[in-house]
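Presented below are the structures under discussion, each in the form of structure tokens.
The following pair of complexes shares a single chain, subunit A, combined with subunit B in the former and subunit C in the latter.
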Partner chain A sequence: MTMSEAQLVDLVINWVRSNHRPGNSPNGNISPDTDLIATGMLDSFGFIDLIMFIESQSGCKIDLTNIDPSEFCIVKGLCRIFMGNRLNDLASIRTR
Partner chain B sequence: MFKFLETPRHPPQQSEPLLRSTASQQRAARPGVATTTSRKNNSLIQGFWESAERFPCRDALVVDNTNLSYRELRDRAAAIAQTILDQERDAFPLAAVLASRSATAYASVLGILGAGKGYVPLNPKFPIERTRKMLIFSGCRVLVAGREVLGQLGRLLSEIDGSLTVILPDLTDAAELRAMLPKHRFVSSREMLHGEGLAFHTEVDSSAIAYLLFTSGTTGEPKGVPIHHSNVRPYIEYIANRYEVSERDRFSQQFDLTFDLSLHDMFVCWERGACLFCVPEKSLMLPAKFIRDCELTMWFSVPSVVALLSKMRLLEPRCFPSLRFSVFCGEPLAARHAQHWQEAAPNSIVENLYGPTETTIAISHYRWNPSSSPEECLNGIVPIGWVFPGQQFRIVNQQGSRSREAGELCLAGAQVTDGYWNNPEATRRQFVRFRETGETSWYRTGDLVKRGENGCLYYLGRIDQQVKIRGYRVELQEIEVLLRKASGAEQVVAVPWPVTDGSADGVVAFLCGASNLDDLYILKRCREALPDYMVPRNIYRLEEMPLNDNGKIDRKKLLKQLEGA
Partner chain C sequence: MTSPALELANPIIETYSRLAEHYDDERNLRSCWGQASDKALGSIHIKDHSRLILDVGCGTGRALARLVPRTKPGVQFVGIEPAENMRNLAVSRLHSLPNVQIRNGSFEHIPLETGSVDYLFSIFAFHWTTDPQAAVREIQRVLKPGAEMDLFFIGRDNGREFIQKTTPIFLKHMGPALLLESARMRKQFTREAAHGLFSNAFRAPELSVEESYQTYYDTLEGHWGWWVRIEGHFMRISAAAKEQCDQEVKTALLGLAGPSGIPYTIHQMHVRLRRS
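This part shows the complex of A and B:
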């Protein structure tokens, strides 16, 4: 089924809750406005894992060539960028 | 055989202030005028001051979307330097800076050096407990703090005995801090001196410390490495010449100030009047756009950055046409990453640098040649190459005799410091003499290397439990000491994991025996005391630890278990 930006936000939040750096930020504290890097929830490698997870779920690659890093690290910014910068046509994004 | 050195002592030193009032020093009438005497060594900041004189209007620094000319940066540094000297009641050798990726951070480094002190960088991203330890171990009585750390000062300073002078270039009114922490002295920006009418000296006593950095220590406490001006000047001069740095160059500044590779960024750049571009925190992960937007000519980072950019398809051929030099250091450089970067930056010379903190930034280099280098690599890793001219190396076996085979790399020469900061035991262990080389002091790196037929050095691994995590040097024992305290477990092992192309991304821990504490609690304790890259990603509980034939914990078997998980 096709996924909206809001559904993608939920997908990202659920992934971060399962994969964030242990001992940092209680699970309940993540929201669409959370900065994943500034809060320490993810390190750079974890962040790349998240992007690869989104790509694997969607079957689409994201173009990061000209992204604004300040927006990119925030959950809803990441999702907005992903919806707008897919490299190949997004026929559908599979939900879990 | 090893012969242990006498313990070097680091008594409080008072080098001649680099920055003096004109009243006391009439012969240099204008700021920026360097004076020379033959009895002194050149200071680390000599190049900056000379560039400020030659290129006062050129940009020295771009940070937070702000351009600072050499004159502006020098003036900010002079204000900090004069304030430090004005506050000085008793002589002291070091002052600390707690700031990051801000104009104040760089001005503070220069200001401390300008006052004739060595600087001790502290990292706002580190846990406060660790920063406090570093501040106490260093013995600093003066701290310069930036805007970005004002919220940390209460917790940091409340448990420090004695009185610190805290200089706050970004805070106009320090009344609130004074009320909260009455035993410390605070100097707000309004109370700082302006640094006007000062003449700069660019020479220091040969024993003066330029900076003191802390590395991970096996005992569970950070270990201080003092680097003298006489150690670091040869590096700056050699590299600036080797890379033919000019005022037209545009340098990346990617490393935190607590990482000694930041010295290369700052002082090689300023040596020749070039401009330093501070990579914003959020661009550190994927700096491709930053490199292009700033049209950088000089890139310096750990190889992990290449891995991340490559993974995210951000290393397209010819995507970095402006780069003249691309330099990597801090961890093994995979051949495929060197090749990939070379294709992305075709106008750039790619170099792999190697060097422990004790030998000042880097002490050997290997220049990548796209045609011949792939065949010269060992196990897919780029060689560490040749030791810089004028520096010395020996490869020794376990008995300390010269080895023609693989062995521990020992280093000596002007770049090598003389011991650890107030740590005679560690100094005795790592700094040794050999009978054949008389009084020469050699630093035992703990790195296992071998020498090729053409003299090229190849890195093979470690002889101990030290690892590199994303370029940061980590003693696994330091993590294990803390884990043992936090968990109460009988046996504790930390291993680097996952490892790709010889570089570790993180650490995981194994616990065994009598620990009922929750993993999250244990990791929280770790996070309170260790920097992010040292905190285990996972904790695994075992019924019993695997042992090798010698009855020691079999770390290789633990890694195999992870591979199979």
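This part shows the complex of A and C:
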């Protein structure tokens, strides 16, 4: 499946709305700039589930080594990381 | 910077073994986890017909030391524990009881014959299993038909106050990859997921899964007394970063303090198997 960064952001937001832990979200507002850790919407277990969801939707693995933590926990930052990973994957396939 | 811990096969077992001598410190025993463990142990009743009783993840043998003297002679007890130094302490504690054996093992590898166990219990160990499906198959294998079981372990929302406060700090010091790897070391199920897991091997009405939430209030020092239980998560943080990380965590936890103290909510799963 090919998706744009904007589509991925929507996908992530909808997933978080459905899967954030009860009582862990001070309010239900979530935008591309939301910090999912600082707001308590997701904990580390929630991130594991979210990344599995993104990977299952896209068929691509996310490499989290050497990732800036502050970018990782923002919705659009996480999506940007994923899109960058995917472009790298595609580039490596083309050069084989 | 990473430590030689990278080469460890299982950081949790390694850490429990390394810190075994601190596990029975008063401040850990008096902590919320000590209290919750005592409560779980207090709910265990050995039936008269039981011949072989198994404690999985027996640690330093405290539960067995309390159960064995109040059981009639002739009942055999086996405690299994993967952390070598914890096991050694259990052997020392229980050496005068001839009907108790302590063996190396885990939920995934129980060193007992198929269909040999009348009653299996475990107090706050199952969440450390590395392969839950294999663990349930192994439990099913060693239990006699009609055997009974009580497993107590933590649920998905365990320690939510602490997790919300400390995750940003651990993320900063560990980075995303290590943080998620650390989280994967514990298996924290919802009640529905735990029921689904055990339903692969057992059926209602014999099988039931109950969950409970209890909030304990303590001082920072009181809570730090049980930190020995989770040190395995942080083995890959360098010593210098760990010191800084600990300090930031303590400051964050102090921010939770209210009139009753610092809250910590234990989300407990109780998987029970009873004869129909």
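We take it that the second predicted complex is superposed on the first by the 80 of 96 C-alpha atoms of A that agree within 3 Å, B and C clash if a C-alpha of one lies under 4 Å from a C-alpha of the other, contacts with A are read in each partner's own complex, and residues count from 1 in each chain.
Here, a residue touches a chain if its C-beta (ideal position, glycine included) is under 8 Å from a C-beta of that chain, and two chains touch if they have at least 3 such contacts.
Note that the structure is a prediction, hence the values are computed from the model and not measured.
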A:61 in the overlay: touching subunit B, subunit C, both, or neither? Say first, second, both or neither. first
Which partner does A:73 reach: the first (subunit B), the second (subunit C), both, or neither? both
So, A:37: does it touch subunit B (first), subunit C (second), both, or neither? both
Is A:47 in contact with subunit B, with subunit C, with both, or with neither (first, second, both, neither)? both
Can you list the residues of subunit A that touch subunit B in one structure and subunit C in the other? 21, 23-24, 37-38, 40, 43-45, 47-48, 51, 64-67, 69, 72-73
Subunit A partner contacts - residues on subunit B that touch it in the complex: 280-286, 288-289, 308, 311-314, 470, 505-506, 519-520, 522-524, 526-527, 532-533, 535-539
Would you tell me which residues of subunit A are touching subunit B in their complex? 21-24, 37-38, 40, 43-45, 47-48, 51-52, 61, 64-67, 69-70, 72-73
Can you tell me which positions in subunit C touch subunit A when the two form their complex? 156-157, 160, 163-164, 167-168, 170-172, 175-177, 179-180, 182-184, 188
Spell out the residues on subunit A that touch subunit C in their complex, using ranges where they run on. 21, 23-24, 37-38, 40, 43-45, 47-48, 51, 64-67, 69, 72-73
